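Shared chain: subunit A. Partners: subunit B in the first complex, subunit C in the second.
And then the complex of A and B:
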């Protein structure tokens, strides 16, 4: 299948929705009926009697059948693809050369992406605040260079996904336009403070549109910074940019807003595609989530933990699973937004140079998360520099580079030796979460004992108690 | 279920096997008929007419039923557990207090774990050499301290798993007794040289018994060091020590030896449990495997790649999938066993201190693998130190901390900026494999261009060509 850029953000169920109630959210356009199509394609579409918005069936030369609403083409787009929004919610571009037959099989309304008004037939809708930080979900392709640039405003985000208007009353603004690899502890603080302001202002949920690269670090940071949350805070991103047929921007946003508005949870989460089926958006717990694929839409995974909530894009139903906290607007939010970036994550590997631990300490580290092998091990050559660090009041915590599972430093002599030197095992906490929590703990005290205590005390579902089942 | 130490290594299907052909591999013992059992348990077992080797049914007070062959107890074992080898191949210890009823339901032979003689009814068996490096697979519990210590000799390994004798003619010896977190490039060289010696001496396959913590680093190292392999080399470990009822030592060894002896592959692999079903042992490609769980038996996963071979513990059948190389004893092995440990793996994260890149270079790094976020990104604060490193002839390669997927540094401005500075993306290569390959490349040349060329040229299935399907 030849996938090419289509003009609009893809979003789920538009087709079904405008079949059910075509007047509700789409206005007629006074432009040409085959907007953007030219040449051969225009000729074929006109021959079939198609208009933008028509439900089209394209049969390919090898017998594949594609059905969907005909989309307008972007002025920048190439002129070889017929662009359809399919029933499954995704856009697809079909190369003209592949098309054997083009038929009109139904009429839809022309999609027109303006900011929807809240319909009066609804009850009062939940209020969801949307804060845009940047990243793919808030980006578009620069057609001169082919590069993806942050561009869309938060208002654009809601205007291109009209479904959102039926889910919640949305206010949106831009806090940053930053690729997520450039975010720092200073950004985390500002995002936490802004989120607190919105919640205290009455939001029923907050959505943060964010680049996916470091979304899980930010979600951990907000999990520690925003305690006793009365409502959920969902970070939403997109793995494919909004002008690609396979974009997940609209579906993630739809699911994220629905969960923020209605789910019976009150934690920080990351809302992204659940799996390859394109049916569910899940909210992963902010402290237990990890980006596990460079490009797949279902790249985010809950590690050692169930997810918080799941939204069904087909039925609009939400299941909530938050064992830690449930929605309660009377709960008083507690804001602890400070982070000290003098924490380091150091990964061990064979022939690791132990002098690097000394270098990290010399560079000003106030604490180190060591990502060991297996149950929490490093080579015996590391014992001395670890010992030196601990004696200089630089606490050292152990997580595992296996990602899944739990460190256990009582099984092998290496683990016990390291505990004797002063290394503190962090159970089944993710390395990324451990690093963020250490930055947060360091901002609160200079006492090594207090830091250790904070790291071992569960704050936001970041560790699971060891069970007998696991121990056996 | 109360799980306690049993005397012997657990191994699969002994029960079925000695039912089918009891004389084949088990000799009678002239010791007491309830060896090792004392007190209350001895009393109950005698009352039931049980002997070591009898097929016993124990019904627990809550109605659970356990059936299996009665095992002798170790002189170190506690005296409260009845120890059975169950039909599913695992050993289990049932606390006497839980037992409501004990019955003898059949007679088996007493299992006696001596080194098996090769039966003359077989054709000439394949020759498999077993080299022991250390780790859990070659360890036992110190009953004074509860600690797991490397102890068993390589001969012990074969003697406690009599099945091996029907699969291959095995010669075994110890090269190291080292926990795998302590292995270095010097060990890799010696292991590679030893493996080459055994293959040149006529082995039809080589098994390396190794700690699981860094098994995947060693497998990558051997993949580069041993080229044009005529026969397979399988690294085998155990996630649970051999005196635990849930040990995977025997089943991994059985599967590993079977694959080494018979599979139509000629690559370096890691042979471990495939999944939780306890039915299959898979050989993962040495350059594409990663330990992904601290303790589960199926902790090892093939990443971005299919596995090499699969052994069915129930049927003894082997499926081979090695697309790169097939067994050919006439192929001349090429040995390139050298590694330069002056390579570093540096993980990026939010608020990462860019000065750490300078420190790594100052500490003598001759090359760096940067483990970036997403498609291969780091913050713009890292550009300058990266630029300085590259200008000092320290090449920098990019992999992704997502583990799955492929870096792509053409999508976002950050990626393109980094490529402009000189960062080299490594496609879908694992970070661990990239580090090991860089250590190997550095040992061969001082030329930065040559190092770059070596890193980009596939040697042992470590990268997959980008396909159109992935690009869409």
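And then the complex of A and C:
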């Protein structure tokens, strides 16, 4: 779980590589001892017998001396500078041209991590299973190099966020180490199956540590795949990576685990900050949540819906708002983990080329969610290709790009025309949720009518009849 | 870090006009400000330091909450320079470019408030080598650094725009960093008091060793004494108990009479223990046996605590009353500090008080707290950039002072005073705007007069640039006499939202028109006609005094004398 924002602005630094794929990076570190250095510099450093971490002295032609531990070089950075970490902790870069002589004057320490002491609590705590999908949530930092290592075991996790140990008994599982934009329907299936296994094994709640970018797609997918849940499933992410003291990883995880362990709900949710302060962690309904900001801690918002639960970091109090689905460990979970990715989300815009609809169909689409304007409109030039698609048994559904609100295709003639051709309005369903649900529906039946029926039938709170004022 | 702040909430005040998501730590930082890098490079070159080829921004972990991110961004720009201070070379270890932290605007035991208006402002740190010997040398070095900074003309005027952090260590003592010495005149005093504090700590340590106290003799045995204090009259303890809190005591073995030992004026060993307890335990303060009985705690209570702790005349004790967890955290900090007293002078980061003494701020962060800022890519510094900056270095203070002497006919003393002051740019602006006002007079006002106003505790920091421009403009226009300038500034310091013209009106210092002046002159002459019967010259002198008594600061004496002469002639004619 990484602060995506960090990556998007700084593709240039070595250490981001750590976050991008912590495991892979560790392998590569052991493969090369002069990580990131290439060309001439690599040659000079090898000549001097230097390794990353060695204490190096660089002497310039004018007799200037620079000393420090050799620091790894980013593969994106230029190949003209040697990076040293000086004794006082600062990093500096010396241009190769300035370096007349490079010598190794000592060996550095290996990065190490001392685990804080974990106090064992003897009372009986709820059991919460944690499934990690990737990223650096609750990862640990080596302050000498800035290296970020994932916390892979339950012990690692509770040592980094000691609060967890007093909230629940946690067992952690690593399922993937994948950035969220690389996840596919196949991942969703595996996550759903693993979650079901853990719940059937007796977990009082499940936490899924996940990159934030596509968290709301996964939460929708799990909402459909895991039905009749006996306990809550919370997806947790972080908008600030855990290598900074102000990271929201620990507080989101604390809130997520507390809600998973104790809240009287049994739905799939996304647990993140409710606002910019470190006070409340809220669980949003999995089918009703959307990432609405690139970087803020409170990027996730419940759309057209109140949230499921709220945890107060100061008082440890939980409020549960989900009246529909209460915790009940005797309820039998039903698992429907399949998704057919031959569904498309097509966004309409002024001057939209209607041929796009034809090409999506030609590309093998079995169903299309059109994200129209306002109450659910596309231009009249689209009528023909939509008509063709419907005739080929490719159902077309309508959601709105306004994000908030409900489509209503009876108000304007465009809406009525589209319904006449066969477009199915999806009420107040979010576009992303509609796409995920369509993928799920397609995996269950080939019948167009059945698909249409499934899409309109509420499964996990994704469609409601009334739009509440305070929730919209 | 997270754990440490568990019990402490931090509130940030952000002005929506000036704080954006970066200051709120809700968005990644932008790239390094290139103007700030240029200025830092300029200072690097002025200090004859070596600019680095590639700048790496680091995160320095700061745990007090003054940065929303939990760290301060900082980067080395140059290494190994030197500056001349008081006739000798002082090595400059490094020049760094940093982000300023938030400003603390409030604090309670459990919370701190920081305002973000200062957060992220570029800050240049110049670290000198550990070679400054005496407090006076420290002061002179600070002055020399200030001159170089001012030479860039990029330094803001006012207290706090140049802050001195002092690293002080003495033989047998420890390296102590003192932050936030805002006033240059205070540098040598702070150094002197810190040396005194460390010497006293060393002597306390020796005394403890003489008493054969070992660090582990001071045990974390915290005894609940809430019952003993239930009947005491101490308001602090009573209110803590009423809120559901507890009172605990700890024995400090062998510490009798040492807690009251003064380390620096008003700072005792007990104060040091208290500051640690306040910081780590978030408690309001401590009571220690050297100051008791007092504060409503009577001899009987003291004796009862001693008995409960099993201590005798050789021991001291500390009591804290507050919420239970806070008390235990506080007492743990007290024990740690007491153990340190047996061993050494602890390495600390301390903050300067206005009187030159200091107080505990936080433990000293080491190199271990520094790691790369991965959101800001390293910046390569090209040779062309260095050449461009080297080709346009600002002139150094001595050179500027020489020019002021020639161009504005200032005395060498005034010229160098103006260069050392914060007002060089303002001086040039005022004398550039008008040729009517004497340059020496402007320089004198900006240096000596302001200093004496400051000595009279006039809040001169309230004066803004436009105040000075306005008042000299009024003098140039003849709206007031130059003798009024200091009075106008004194008034403006108390009424900073007003203008110099308002001051003239309020103080009645506006120049009289020739017509108004003539009316006064005529009146004085007519009502003193009898004087003219005798010595006419004497009469003129007397009348001159009478008129000036009425119009001082509002009329040019030459004009008064001329009007009197004409009037007297007419009367006699």
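In this text, the second predicted complex is superposed on the first by the 323 of 472 C-alpha atoms of A that agree within 3 Å, B and C clash if a C-alpha of one lies under 4 Å from a C-alpha of the other, contacts with A are read in each partner's own complex, and residues count from 1 in each chain.
The rule is simple: contacts are C-beta pairs under 8 Å (C-beta built on N, C-alpha and C of every residue); 3 or more make two chains touch, one makes a residue touch a chain.
Not measured: the values here are computed from a predicted model.
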More subunit A residues in contact - subunit B or subunit C: B
First (subunit B), second (subunit C), both or neither touched by A:295: both
Partner chain in contact with A:408 - subunit B first, subunit C second, else both or neither: first
First, second, both or neither for A:192, with subunit B first and subunit C second: neither
Contacts of A:260 with subunit B and subunit C, given as first, second, both or neither: neither
First (subunit B), second (subunit C), both or neither touched by A:250: second
Which of subunit B and subunit C A:276 touches, first, second, both or neither: second
A:396 touches, of subunit B and subunit C: first, second, both or neither? neither
Residues of subunit A contacting subunit B in one complex and subunit C in the other: 3, 246, 294-296
Sites on subunit A touched by subunit C in the complex: 3, 5-6, 8-10, 12-13, 15-16, 19, 64, 66, 77-78, 80-81, 83, 86-95, 98, 141-146, 161-162, 239-240, 243-246, 250, 276, 294-297, 314
Of all residues in subunit C, those that touch subunit A in their complex: 1-3, 9, 21, 24-28, 50, 52-56, 58-61, 63, 68-71, 74-76, 79-80, 94, 96, 366-372, 374-378, 380
Contacting residues of subunit B [partner subunit A, same complex]: 1, 3, 147-149, 179-185, 188, 211-214, 217-218, 246, 291-296, 299, 339, 341, 344-345, 347-351, 353, 355-356, 359-360, 362-364, 371-381, 400-408, 411-414, 416, 432, 435, 439, 470, 472
